[in-house]
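Both complexes below contain chain A, partnered by chain B and then by chain C.
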Partner chain A sequence: MRYALRHMGIAGAVLAVAAPALAASSPSDPLKSVMWDILRDQYFDGAPVVFDTAVKVTAPAAAEDTRAVPLSVDATALERVVEMVAIADLNPFPLVLRYHPGNAAPYIATRIKIQQATAVRGAARTADGVWHVSGVLVDAAGGGCSAPPASYAQKDWADHVGEVQARLWPAGEDGVARLRLRIRHPNDTGLVDGIPAYFVETLQVDAQTPGGSPTLARIDSLEPVSENPVYSLDIRPPPDATALILRGRDNQGGEIRATIPMPLPDAKPAISLKPVGQPWSVGQ
Partner chain B sequence: MSMPLLRRLVLTAALTAGLMSGAAQAAGTLTYDLKPTRIASDTYVFEGSTKHFTRANGGNILNSGFIVTADGVIVIQTGPSRRYGEEMRAAIRKVTEKPIRKVFISNLHPDYWLGNQAFADVPVAALPGTIAGIQEEGNGIAENMYRLVGDWMRGTEVTLPNEPVYGSTVKFGDHRLRLIPLSGHTAADLMILDESTGVLFTGGVVFCDRTPTTPHATVADWLKELDAVDALDIRLLVPNHGHIRPDKACVAQTRDWLTWLDGTLRQAVSSGLDMAEALELPIPERFQVLDVLREEYRRSVAHLWPKIEQESLPRVN
Partner chain C sequence: MKRLVTSLALAASLTAFSATGVLAAADAAGGPSSDDLLKSATNTEAVLTYGMGPQAQRFSPLTDLTADTVKKLVPVWSFSFGGEKQRGQEAQPIVYDGTIYVTGSYSRLYAVDARTGHKKWEYNHRLPDGIMPCCDVVNRGAAIYKDKIYFATLDARLVALNRETGKVVWNKKLQEYKEGYSNTAAPLIIDGKIITGNSGGEFGVIGMVEARDAETGELVWQRPTIEGNVGTLNGKDSTVTGKTNASWPGDMYKTGGGATWLGGTYDPETKTLFFGTGNPAPWNSHLRPGDNLYTSSTLAINPDNGEIKWHYQTTPHDGWDFDGVNEFVSFDLKKDGKVIKAGGKADRNGFFYVIDRTNGKLINASPFVTKITWAKGIDIETGRPIYIDDNRPGAPATADAHDAKGKSVFAAPAFLGAKNWMPMAYNPQTELFYVPANEWGMDIWNEPITYKKGAAYLGAGFTIKPLYDDYIGALRAVDPKTGKIVWEYKNPAPLWGGVLTTAGNLVFTGTPEGYLKAFDAKSGQEVWKFQTGSGVVGSPVTWKMDGEQYVAVVSGWGGAVPLWGGDVAKLVKDINQGGSLWVFKLPKA
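And then the complex of A and B:
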């Protein structure tokens, strides 16, 4: 909380200086968040910004567990997305992640900590430099960022940091393959007394091919991502890929490395919920 | 200290005015208006809403009850707030002048025990696991209720059950009560079967036309609890949430929901869906009879998904 207040103090001071100059040229925030003007300047740095519902942000209206709120940002309705960000406005650290999708589909999903009820945004920068921003409001009891991770209750947690669980599904008709990752890591914000910041900072998915190992996608992952980070990506592995390589690093220099096998020959592509109105249900 | 006298006076006046208007409003509008329904010989229930906790219902989403025996009154659950407990006790007093003999609490969820303060002078019994759970999580549970329903909670403080009970049959007057300890809905679920009337108070083990809640659930164990209910000879089933019925239809309904929920989430994980996508999965038509369906489904995704995912994704390093 101390950090949050200090952050708000700085933010407030910047607001007083910066807001009047830019207010006229920028659309007003549909979510009416008090932090929007600051965050826009901080993370979009003068680039053109539009509010665009073509970017679909999914998060629950109320956070059942403030330490693990599911969040997905889907910009597949836009052409030529080069970068995506997720932001939780009222978090002590608002920036959740930056995603560099490369040739992957502009879709990313994870779970995040939120400190209090807040606007949660997803934004996608298209090749013309415009940021397309959308978001939802998430109500919350609070405390997600300043709660100690459950990991530390287990004495042997340090023996398991960096363990990766992952699965790649075969590409569907649209050519994209679902990749899901789970990494054992406390992912600590540094806001808990006596526990320094300790979180996964970078993740990169490369393809292992006879001709080299091209990078398929990169994530800058930050403090608000939940303990034991999970990610869902929709990537395009080259046809001659023999495996995927996950490389990453945490902010204390710890390395993450795993080889993710290609799907078994009889595996089916991941289910897509995208076709609207298509019935999908189990047990009916 | 150095605040000028005039400013202090003005502040005090403003604060007093604010407090008074708040109190007047509270006194004028907030009442649960509890009316007991007689459901069997000597046996009464205060029927609550099948919704979620809201500022409109003050957290009255449960079916609390009481049995008037020759040895005194047995109370089952004390409701979501001190106010509820006090109103409940006053309403019982209108039915009988007999003293309260004992209170039973079925699990650690907020609407079962936050009215305990109104029964501080009598034994309040619960399973040891329930008492331990309230010790550990009670303050957080109470704080969240203040956030959800606001002023209805005024004066409510965490008051632990003070008598551990175990599986046994106890007799009060003509009423033989079988105390049935189970786990699944929470780690410690107490059902109470009045063998004299055939009335079963299921606590959170059975929900009826109301979507089951899963914050402390282990689905596989919960399904075994339902088998245990099926094996009982009963005449009336009182779920803590939902409708009272003379049959076991809602045992099947609860089982159907839990089986669908668990199976759907497992299949979704193994089909590559993300948790955010799972929030939007379609729910079969037959479950539309369950109140607060989509809301409660989404809460269950939050409770159950991470563990299923952890079990399902293969280690790769």
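And then the complex of A and C:
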């Protein structure tokens, strides 16, 4: 935390000066990734960047299945997070997703494809415009992005594409409820010979309430997310919500739509995946 | 999909800094309007519609290229469709604002810089494994309107993309591909509605013409082509097509065929859509006594509500797979000092029909191939064929006995047609139609059959045979006033590509042997050819850009002939496959 604060101070000072100075004074990458300078300019677009262990990135040290590596990014230790990204540096498509948590807790978990051993990062942009970046190294055998998906061998993938499995757990005392989504989709990267790029692009969770249908959270998902993508979010359904509506689209215009029922009154909250002892502060 | 970020950024900065650039970019971004599409036949700077005009005359008023100057026509660039998907390329390019939009086999769409051949973007549709296109994985072209470009896919969907970025705007299911539906034709856009037909005539589907809002893809109306089926308008049932059971026995109209797989044409003067309908299902005609309306017909349809204005059935009670899908081309027939609003159609069944397009009444019908065995002629009074009853394949034995097939007959034309899908052209200056014909016959017999959803519903066996040793294909100039053949060009392999004609007295078409050829429109003399490296089965186009006349055509052998051609398939088996777009121009002197 102290490390992070120090760098935030620098970033704040830089913000007051001209933008081009930023890149020069940007902190060096603790993960020593050869891609960092390029990715920083590409995905953070000149905004101030700090390395901040307050963002918790969880991924295995070695990937068992390079086509489905579990990844979670938890920025709940930060105040007022407006956007989050996940990046796998050495993937042919480094950007995994962008998450717009709205009033949800700044936490997202998914499974991703990894092309080779790489730094995997999570970043959270706070309302002051600063990106807080953290990450881990994941060791891996090659080929997760350019190997054919398992569904390629199944003749009936087209019968199920866009189907949704979802579960919403009851909210805890803080009003936060775990939502888990699984969508049937090949999520093809376009790198496999003869298979065009075909992946889930946008997802949006709305609440169905008597007064309207406010949007709770939004995901811009990209090629590296695994086949049959899975997402876990910590949303805050309004108390008068009667159901959640999931709307989404893939890059070929295929529509995804599901109604997710509210949990039964006697259901128990989901077991938290958050590290024990972490302060539970949710940005607004 | 592959994006082109750099050129987009460049375009954006240009509009920001140049005042005239803003105007030009705004016009281009607005894209072709409904009116532009209706007037596309006379627009020499662009190719906005399939058929080079809604009437589909495939006539260009350009005169730079003539029988003399065509010798200087040279290739500018060639663009490969890439991948291993080198199957039949039957597309007609669309050209607008310096960009060529062209479709490839396996439901692919490309935007290519017309000046350089540089690819702007590519859309590669993810097809399910279970698609069932009968006659190769082709696509015949895209449609452009405002800021979007549209095309139909082999899994029977209609996709609208932003024509600058290639990003999908919407993607609508037209039909269920698992039941045998697919879609290969270029859509037609009239007054903001995108109008499509359907494929799947070999699977017992119901032919359908559908109109959707071009902005949203929402359905406006549907018109089934088989009598007894009910249409829709604005989400509600509208009217029954024809009169139930007037020409179909029992329930057979529910699986009656009549697929509108070649799309349609439109006549702005009479505000009428013309859609041809496919063969009735099953092929065995003894199972379905009656005329089987409206199969093997041309339907005149009101574009506002999908109501049928008139019909003309070219092959009532078809027994030979003589689809009536071939394009109906509106033209002014100048005869006996009068100008008649007519339409021409070169049918699969071997007859060239001239029909009054205001009422569907036959004006004349004449053979455009040398041998027709199934009818003596067409009765001008009734408009009906004079059948030769002996030439109808016999009924199979009713039992499921082994070898229960009926009497086999040798019939001409073959089921692939005296003319198949490949579009003809009409030149208002020579007043001639240029028809890509084929000379072949077939042995055909009927077999017992029951309908199963998604399975081929033929009930017939067949094999195609050439009629002559030295040629199958014949490009023929037909005089619609007399029905006479004015000239012909004979080609060893069957012709399978579209035709283009110009005010420069030229006719262009491709051959499976790989050539794009040009002919003198009056004499038929071959005046130019170019070897493209694979068979040409697409439709050539021409336009003017930077003061020079351009010609474009796709190359890539395939289509129905190698799949269904019997003896003929053997003749063409050594033609190499391909997949590329060739662009030529006549350089400034």
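Here are some notes:
Please note the rule applied: the second predicted complex is superposed on the first by the 249 of 284 C-alpha atoms of A that agree within 3 Å, B and C clash if a C-alpha of one lies under 4 Å from a C-alpha of the other, contacts with A are read in each partner's own complex, and residues count from 1 in each chain.
Everything below uses one rule, namely that a residue touches a chain if its C-beta (ideal position, glycine included) is under 8 Å from a C-beta of that chain, and two chains touch if they have at least 3 such contacts.
None of the values given here were measured: they were computed from a predicted structure.
When both complexes are superposed on chain A, chain B and chain C end up sitting side by side without clashing. Set against each other, chain B and chain C touch different numbers of residues in chain A, with B touching more.
When both complexes are overlaid on chain A, the residue A:102 reaches neither chain B nor chain C. When both complexes are overlaid on chain A, the residue A:188 reaches chain C alone and has no touch with chain B. By the touch criterion defined above, A:214 lies against neither chain B nor chain C after alignment on the C-alpha atoms of chain A.
Residue contacts after overlaying the shared chain place A:197 against chain C, while chain B stays out of touching range.
Residue contacts after overlaying the shared chain place A:257 against chain B, while chain C stays out of touching range. Of the two partner chains placed by superposition, A:238 touches none, neither chain B nor chain C. The gap separating chain B from chain C at its narrowest, counted between C-alpha atoms of the superposed chains, is 18 angstrom. Interface of chain A with chain B (complex): residues 58-60, 63-65, 68, 70-72, 109, 111, 141, 162-167, 169, 178, 180, 182, 228, 230, 232, 246, 257-261, 268-271, 273, 279-284. Chain contact summary for the complex, chain A toward chain C: residues 155, 157-158, 186, 188, 190, 193-198, 251-254. If you check the complex, the residues on chain B that touch chain A are 143-144, 147, 215, 259-260, 263-264, 267-268, 271-285, 298-299, 301-303, 305-306, 309-310, 313-317.
Only residues 1-2, 83-85, 123-126, 128-130, 155, 159-160, 168-171 of chain C touch chain A when the two sit together in their complex.
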